[in-house]
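Below, subunit A partners subunit B and then partners subunit C, in two separate complexes.
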Partner chain A sequence: MLLIILLGLITSCLLVPLGKYFRSGRSVFLSLLPAGLFAYFASHLSHIGAGNIIYESNKWVPSLGINLDFRLDGLSLLFSLLITGIGTLIFIYASSYLKGHQYLDRFYGYLCLFMSAMLGVVLSDNILLLFTFWELTSISSFFLIGFNNDSTVSRKSALTALGVTGLGGFFLLAGMIMIGEIAGTYTIRELVTSTAIIREHQLYPVVLGLVFMGAFTKSAQFPFHFWLPGAMKAPTPVSAYLHSATMVKAGIFLLARFTPILGGTPEWSYTLMIVGGITMLYAGVHSLFRTDLKGVLAYSTIAVLGVLTFLIGLGTKEALIAASTFIIAHALYKASLFLVTGIIDHQTGTRELTQLSGLRKVLFPVFIAGTLAALSSAGLPLSFGFIGKDLIYEATLAAGPQLAVLLTIVAVSANIGLVAAGFMAGIKPFIGNLPAQLEKVKMPSAAIWLPPLVLGILGFVLGSLPGIVGDYIISPTVQVLSVEAVEFKLKIWHGFNTVLLLSATTIIAGTIVYFFNKPAISKTVFLERFNRYTPHYFFEMSWGAFKRFSSWYTDFMHNGYLRSYLIRIIVFAEILLVYELIRGGPIHIDYSKLIPISIHEGVNVLILLGALYLTVTTTSRLTAVVGTSIIGYAICLMFVFYSAPDLAITQFTIDTLTVVLFVFVLFNLPSFLVIPNSNKSIIVRDGLVAGSFGIILSLTAIKVLQVPTEKGISEFYGEFAYSLARGKNVVNIVLVDFRGFDTMFEIVVLSISALGVYSLIKLKLKTSEKE
Partner chain B sequence: MELLLVVLIGALYASGVYLILRRSMVRLLLGIILLGNGTNILIFLLGTITKGKPPVMAADMSVFTDIYADPIPQALILTAIVISFGLTSFAIVLLKRVYALLGTDDLDTLNTPQEEDV
Partner chain C sequence: MKSVILQSASRYLLPILLLFSVFLLLRGHYYPGGGFVGGLVAAIAFVLHSLAFGTAETMKMLQFTPLSIIPVGLIIAAISMLLPVFFGLPVMTGLWIEQPIPVVGLVGSALFFDIGVYLVVIGVVLTILFTISLETH
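== the complex of A and B ==
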C-alpha cells in the first residue's frame, strides 16, 4: 500500500526531468496513473465489502511513534475510489482544458502530488502520519490554487487558503499529540479500543476543540468558509477535484475517522450540529445571491459540507449511512457541475449567469451532462442524489422527539437552497434564447465533455442500482464509523411516507425559488454592503494588522545601527541578570575570608583605574592605545601577585604584540577620533546603560565569592599532573596534555586569524575598488 | 583584596560597554579588549585567590604538599587571552583596511542610514 500511495509522489518527481514530454496532448496518458490506482482499489471491493480491514505497517520513526501504518477499510475505500475515480476524469479533462499551457507538466506534477497526499490521508492508520499527509494536501493545494501565478488575485487566494488551512493544521497537530499522549498510542487501530480513556480525560474538551479547528478550516465550515470561494480562482479542474470532490472532504473524513474515537458525547454532537447547521443555512442562502457560476457552486459546496458535518454530529446509524451516501452523491454531481462550468467558461469566456443563456443549441452534450447533474443535485427519483436526500431526512426524522422537527426544518431549508443552486449552475445557462454574441461558440473536443457526462450518467446508474454501492461501500463504511456490524439495504423506493413527502416538497420549493430568484448583479452589490461584517473581512483586517506590526517591529529592531542592536542586547541581559540577582536572595560578604590588601596591590589597582579613565575619556587615539596597554600590564602584575606565572607571561607577550600592531596601524590614521556633534543625551544614556551593567556585574562577582568553589576537577589535575603526564606545572599540563585537543583547535583558530591578517595586509586593491 | 577586584571588574565592564556604544571603530575595538580583560578577572575570581602559591610543583617533588592556586581558571584565562589576541589582531588589520577604503572610522558611514541617529 505504501507504494500505491507514493506512486503519485514518484510520478510528480519524475515529471521534473521528464516534464517537457508531457506539455502537449500526450499529457492525457498521465490519467493512466489514477485509472490504474482506481482499478487497484476497485479490486478490493468484495474483500472490504465483506467487512474486512487490511493493515500494513512499516517502520519510519518508531521512537516518536510515527510509523508508516496504513489501513484499508470501508471509509478509506470510499474516499480512495472517489479520489482515484474522479481523479482519472479530471486528468483527462485537464489535458484538454489547459491545452497549450506552457506549464502543463507542472500542473500535472502538483495534481499527482495532491492525489498522493490525499490517498495518504485516507489510508493512514497513524494519526501523526495522517497529519503529515494532511499538511501535504494543504501545500499542494496552495500551488494548484495559485497556478495562474501571474495574477495577483490568484496568488492572494492561494495565500488565504494556505493561511486558513495551515492555521487549522497547527491546531490539529496539537490535538493529535494530546490524543496520543492521553491514550499512549498514535495508531488508530489501538485508539479505537481506548476511547473511554480519552472521553473521560479532563482535557477531552480541549482535544475536541483542536481537532474541530483542523476539520472546520479544511472543510470550510463557518466562520472559516471564506477561503473556499476565494480558491475558485484556481483552474476549473482544480476546483472540481480539490474544492468539491476531495480535499474539502478531508475535514469530513477526519471527523468520520474520529467518530469511533472521540464521538458520541454531547460536546461532540452539539458542536458539530450547530456549526454544520449554521454553515449549511448561511451558505445555502448565499449561493442564491451569486451571479458567477463558480461562486454559486462554491457556496453550494460549503452548504453540502455543512450538511455532512451536521450528519456526523447527529451520529446515529441513520445519519452515518446518510453521510456516507451523500458524500458519494455530492462528489458525482458537484464535480460534474464544476466541469460543465469549466467548459462554458472555456468556450464562451465568461461565467456570469446574467450573460449566459441558450447554450443548449451549441453545446448539446454539455447541456445533457449539466441537466443530469442538476437533477441529481435536486434529488429527482432514480438519481443517486435522491437516495442521499432521502437518507438525510430519514436521519433527521429519527433524531428523537425534541430534535426531529427542528432538524428536519433546517435540513429541508438548506436543501431547497441546494436544489435552486443546482438548477442555476446546471440548467440556467443552457435554456432560453441564444444571444447573438454566443452563436459562434464551438463544440470542444470529446475529452473535455465526456468526463462530466460520464459523472452525470453514473449518478443515475448508481441511483437506479443503489444496492451495489450500499453493500460494497456504504455498509463497511458505517461499520467502521459505528464499530459494529450494521444491517441495511439501500433502496430506490421506500413507499409513500413522510420522507417522500419531504423530498417532493424540497424539489417543488427549490424549483419555485429558482424561478423567482433571477440572477442579477444588483444582488451581488447588495450583498457586498455586508462585507464589513463577514469573517473574511475580519481575517483580512487581522492579516493586515499583523503585517503592519511585523514591519514596524522589524524596523524598530533592525534599524541598521550596530550600537542600537548592542544596546538592546545589553539592556535585555541586564534585565535577566537583575532578575536572577533578586531571585538569589540577599548578598553577604564574609570579611574574615578575604585577603588583606597590601600597598603595592592597591597602587597597582589605582594605576589601572587611572589608565581606564584615560582610555575612556581621551580624544587621542595614541593615548587611548597607551591607556589600554597600561591596563594590560597592570593585569599582568596582578597575575604575578596571585600565583599565576603562566598567565603573567602570556598577558605580557600578548599585550606587547597588540600595542605594536595598533601602533603599526595608527601610523596610517589621523591622530584624533573626534566624532562631531556627539549628542549630550546619548552620552548620558550610554553612560547609564554602561554604569548599570558594571554595577550588576560587580554584584554578580560578589555573589560568586559567596558560593564555595567546586574543587574536584582541580584536585584531580593537581594529583595526577606528574603521575600521568610527567609535568610539574599543572596549568601547562592541563593545556598541552589533559585538554590537548582544545589547545590544538585553539592553534587552528589562531592560524586562521593569522592567515586573515596576512592576506589583509598583503591585499593590494586596484584603484577602481578604492571608491 | 577580593572587593577591590570586584570593583575593578565593574569598572572594566562599564568602560567596555560604554566604548562599544561609540560611533568610532577604534573605540569599539578598545571596548572589546576591555570587556575581555574584565571577563578574565571575573574568571580568575571564580577560583579562590591564593597569594604566592603557583600551581607548580617543587623540582624534587612529584605531588603537592602545600596548598596551591586553582589551575583551572588559569588554564581557561590563558586560552581566552590567546584567542582574544587572534580576534583583536584581525580586527586591527580590518580596521586599517576599512580606513584605507573609506577614509573614516565612523561606523555610520558603513551603512545607509534610514532614520536619524538613535
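== the complex of A and C ==
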C-alpha cells in the first residue's frame, strides 16, 4: 500500500526531468496513473465489502511513535475510489482544458502530488502520519490554487487558502499529540479500543476543540469558509477536484475517522450540529445571491459540507449512512457541475450567469451532462442524489422527539437552497434564447465533455442500482464509523411516507426559488455592503496588521549597524541571565573549594588585562585587532591550564584565522569609530553594558559551581565512548558519533555561510539595480 | 607584502602544516585533535602561503576553487552517515573494519565522517578568506 500511495509522489518527481515530453497532448496518458490506482482499489471491493480491514505496517520513526501504518477499510475505500476515480476524469479533462499551457507538466506534477497526499490521508492508520499527509495536501493545493501565478488575485487566494488550512493544521497537530499522549498510542487501530480513556480525560474538550479547528478550516465551515470561494481562482479542473471529492472532504473524512474515537459525547454532537447547521444555512442562502457560476458552486459546496458535518454530529446510525451516501452523491454531481462550468468558461470566456443562456443549441452534450448533474443535485427520483436526500431526512426525523422537527426544518431549508443552486449552475446557462454573441461558440473535444457526462450518467446508474454502493461501500463504511456490524439496504423506493413528502416539498420549493430568484448583479452588490461584517474581512484586517507589525519590527531590529546589533544581543542575554540568577536564589562562594592561583595563571591574567586596556583605549583598528587576538590567545592558555586541549587548539586556530580575516578586510572597513571624550554618554552606556555582562557571566560561573550538577550525561559519554564508539577522546566521540547529527547540520550551516559570503561578494550589483 | 624570508619559510611550512593537519585528523579518535581542528590547521597552511605569495598564486597552486571542496566533504560525511542503513542498521551507527590498517590503525565510518568535516572546514575557511581577499582590493 505504501507503494500505491507513493506512486503519485514518484510520478510527480519523475515529471521534473521528463516533464517536457508531457506538455503536449501526450499528457492525457498521465491519466493512466489514477485509472490504475482506481482499478487497484476497485479490486478490493468484495473483500472490504465483506467487512474486512487490510492493515500494513512499516517502521519509520518508531522512537516517536510515527510509523507508516496503513489501513484499508470501508471509509478509506470510499474516499480512495472517489479520489482516484474522479481523479482519472480530471486528468483526462485537464489535458484538453489546459492544452498548450506552458507549464502543463508542472500542473500534472502538483496534481499527482496532491492525489498522493489525499490517498495518504485516507489510508493512514497512524494519526501523525495522517497529519503529515494532511499538511502535504495543504501545500500541494497551494500550488494548484495559485497555478495561474502571474495573477495577483490568484496568488492571494492561494495564500489565503494556505494560511487558513495551515493554521488549522497547526491546531490539529496539537490535538493529535494530545490524543497520543492521553491514550499512549498514535495508531488508530489501538485508539479505537481506548476511547473511554480519551472521552473521560479532563482535557477532552481541549482535544476536541483542536481537532475541530483542523477539520473546520479544511472543510470550510463557518467562520473559516471564506478561503473556498477565493480558491475558485484556480483552473476549473482544480476546483472540480478539490471541492468535489478531495481537499474539502478531508475535513469531513477527519471527523468521520475520529467518530469512533472522540464521538458520541454531547460536546461532539452539539458543536458539529450547530456549526454544520449555521454553515449550511449561511452558504445555502449565499449561493442564491451569486452570479458567477463558480461562486454559486463554491457556496453550494460549503452548504453541502455543512450538511455532512451536521450529519456526523448527529451521529446516529441513520445519520452516518446518510453522510456516507451523500458524500458519494455530492462528489458525482458537484464534480460534473464544475466541469460543465469549466467548459462554458473555456468556450464562451465568461462565467457570468446574467450573460449566459441558450447554450444547449451549441453545446448539447454538455447540456445533457449539466442537466443530469443538476437533477441529481436536486434529488429527483432515480438519481443518486435522491437516495442521499432521502437518507438525510430519515436521519433527522429519527433524531428524537425534541430535535426531529427543528433538525428537519433546517435540513429541508438548506436543501431547497441546494436544489435552486444546482439548477442555476447546471441548467440555467443552457435554456432560453441564445444571444447573438454566443452563436459562434464551438463544441470542444470529447476529452473535455465526456468526463462530466460520465459523472452525470453514473449518478443515475448508481441511483437506479443503489444496492451495489450500499453493500460494497456504505455498509463497511458505517461499520467502521459505528464500530459494529450494521444491517441495512439502500433502496430506491421507501413507499409513501413523510420522507417522500419532504423530498417532494424540497424539489418543488427549490424549483420555485429558482424561478423567482433571477441572477442579477445588483444582488451581489447588495451583499458586498455587508462585507465589513464577514469573517473574511476580519481575516484580511488581522493579516494586514500582522504585516505592518512585522515590517515595523524588522526596521526597528535591523538598522544595519553592527554595534547596535551587538548591544541588543548582549542586553537580551543579560536580561535572561539575571532573571535566572535571581530565580536561583542567593549566591554563596565556597572558599574552601577554590584552589590557590599559581604564578603562571596570574601572569596570564595580567597579560589579558593589559591587552584589554590596549584594545579599549587604542585609536587604531590594527592595534585593536591585535589586542583582541592577544586576549584570545590568553584564553587559549587558560584552556590549556585547565586541561581542555581540544578547546585550546580550536580556539588558537580560530583566533589566528580571525586576525588574518581582519587583515584582509582592514582597508575596506569604514574608518575606525573613535568616540570623542566629550561624548561621555556613549562611553558610559557601552561600558555599563560590557561591564555588567562580565559581572553577570562571572556570577553565573560561580553559581554553576554551587548547583549540584547532574553528571548523568558526562558519565554516560565517559563510560561508553570506548565500548560503543571505540574512541578514547570523548570530545571527538561526541562530535562524530554520539551527537553526529548535530555535527552534520553544523557543517551544512558552515557551507551555507560560505556560500553566502561568496555570493554576497561576487554579486556586484550595478548602481541601478541596488534598491 | 613580499618577503623572501616568509616565502622560503612558507614553502617548507606548507607541507609540514598539511601533514600536521592530517595527523590531527587521524589521532582525533583517541587524543586531542579531530576533523574540525585539522581542517582549520590545513586552512591556515594555505592562508600562510597566500600571505607570502599572494592569494592569486595560492589559487593557481590549488588548481581548484576552495568552494568545490565543500560539496565533496558534505557528500563524504553524508555517505558515512547513511552507510549503516544499507546494512540494516540505524543511521549513524559506527561501522568498523575489524583488521587494523598499518600506520592508521582501526578504520571506521566515524573516520570518514571526520574526513568530511575536515574537507568542509578547509573549503569554508578558504572560500571566505580568499573570496574576500581577491575581490576587495
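Convention: the second predicted complex is superposed on the first by the 573 of 771 C-alpha atoms of A that agree within 3 Å, B and C clash if a C-alpha of one lies under 4 Å from a C-alpha of the other, contacts with A are read in each partner's own complex, and residues count from 1 in each chain.
Note that a contact is a pair of C-beta atoms (placed from the backbone, for glycine too) under 8 Å apart; a residue touches a chain by one contact, two chains touch by 3 or more.
It should be emphasised that the depicted structure is a prediction, and the values quoted were computed from it without experimental measurement.
When the shared chain is aligned, no partner comes close enough to touch A:Leu3: not subunit B, not subunit C.
Contacts of A:Gly632 after superposition: subunit B is touched, whereas subunit C is not reached. Contacts of A:Met744 after superposition: subunit C is touched, whereas subunit B is not reached. In the superposed model, A:Leu612 lies in contact with subunit B only, and not with subunit C. Shared-chain residue A:Lys728: touches subunit B and subunit C both. Contacts of A:Ile570 after superposition on the shared chain: subunit B is touched, whereas subunit C is not. Comparing subunit B with subunit C, more residues of subunit A are touched by B.
Contacts of A:Ile582 after superposition on the shared chain: neither subunit B nor subunit C is touched. Once the two complexes are laid over each other on the shared chain, residue contacts for A:Ile702 go to subunit B alone; subunit C is not touched.
Contacts of A:Val736 after superposition on the shared chain: subunit C is touched, whereas subunit B is not. Under the contact criterion defined above, the residues of subunit A that touch both subunit B in one complex and subunit C in the other are 645-646, 650, 654, 657, 661, 665, 668, 728-729, 731, 735, 743, 750, 753-754, 757, 761.
Listed in rising order, the residues of subunit C touching subunit A in the complex are 24, 28-37, 40-41, 43-44, 47, 51, 67, 70-71, 73-74, 77-78, 81, 92, 94, 96, 106, 108, 110, 113-114, 116-117, 120-121, 123-125, 127-129, 131-133, 135-136. Against subunit A, in their complex, subunit B makes its touches with residues 1-24, 26-28, 30, 33-34, 37-38, 40-42, 44-59, 61-64, 68-72, 74-75, 77-79, 81-83, 85-90, 92-97, 99-102, 105-108, 111-115, 117-118. Contact residues on subunit A toward subunit B in their complex (touch as defined above): 555, 559-564, 566-567, 570, 589, 594-597, 601-602, 605, 608-609, 612, 615-616, 621, 624-625, 628, 631-632, 635, 638-639, 641-647, 650-651, 654, 657-658, 661-662, 665, 668-669, 673, 675, 678-679, 682, 686-687, 689-691, 693-695, 697-698, 701-702, 704-705, 709, 711, 713-714, 717-719, 721-723, 728-731, 734-735, 739, 742-743, 746, 749-750, 752-754, 756-757, 760-761, 763, 765, 769-771.
Within the complex, the subunit A residues that touch subunit C are 645-646, 649-650, 653-654, 656-657, 660-661, 664-665, 667-668, 724-729, 731-733, 735-737, 740-741, 743-744, 747-748, 750-751, 753-755, 757-758, 761-762.
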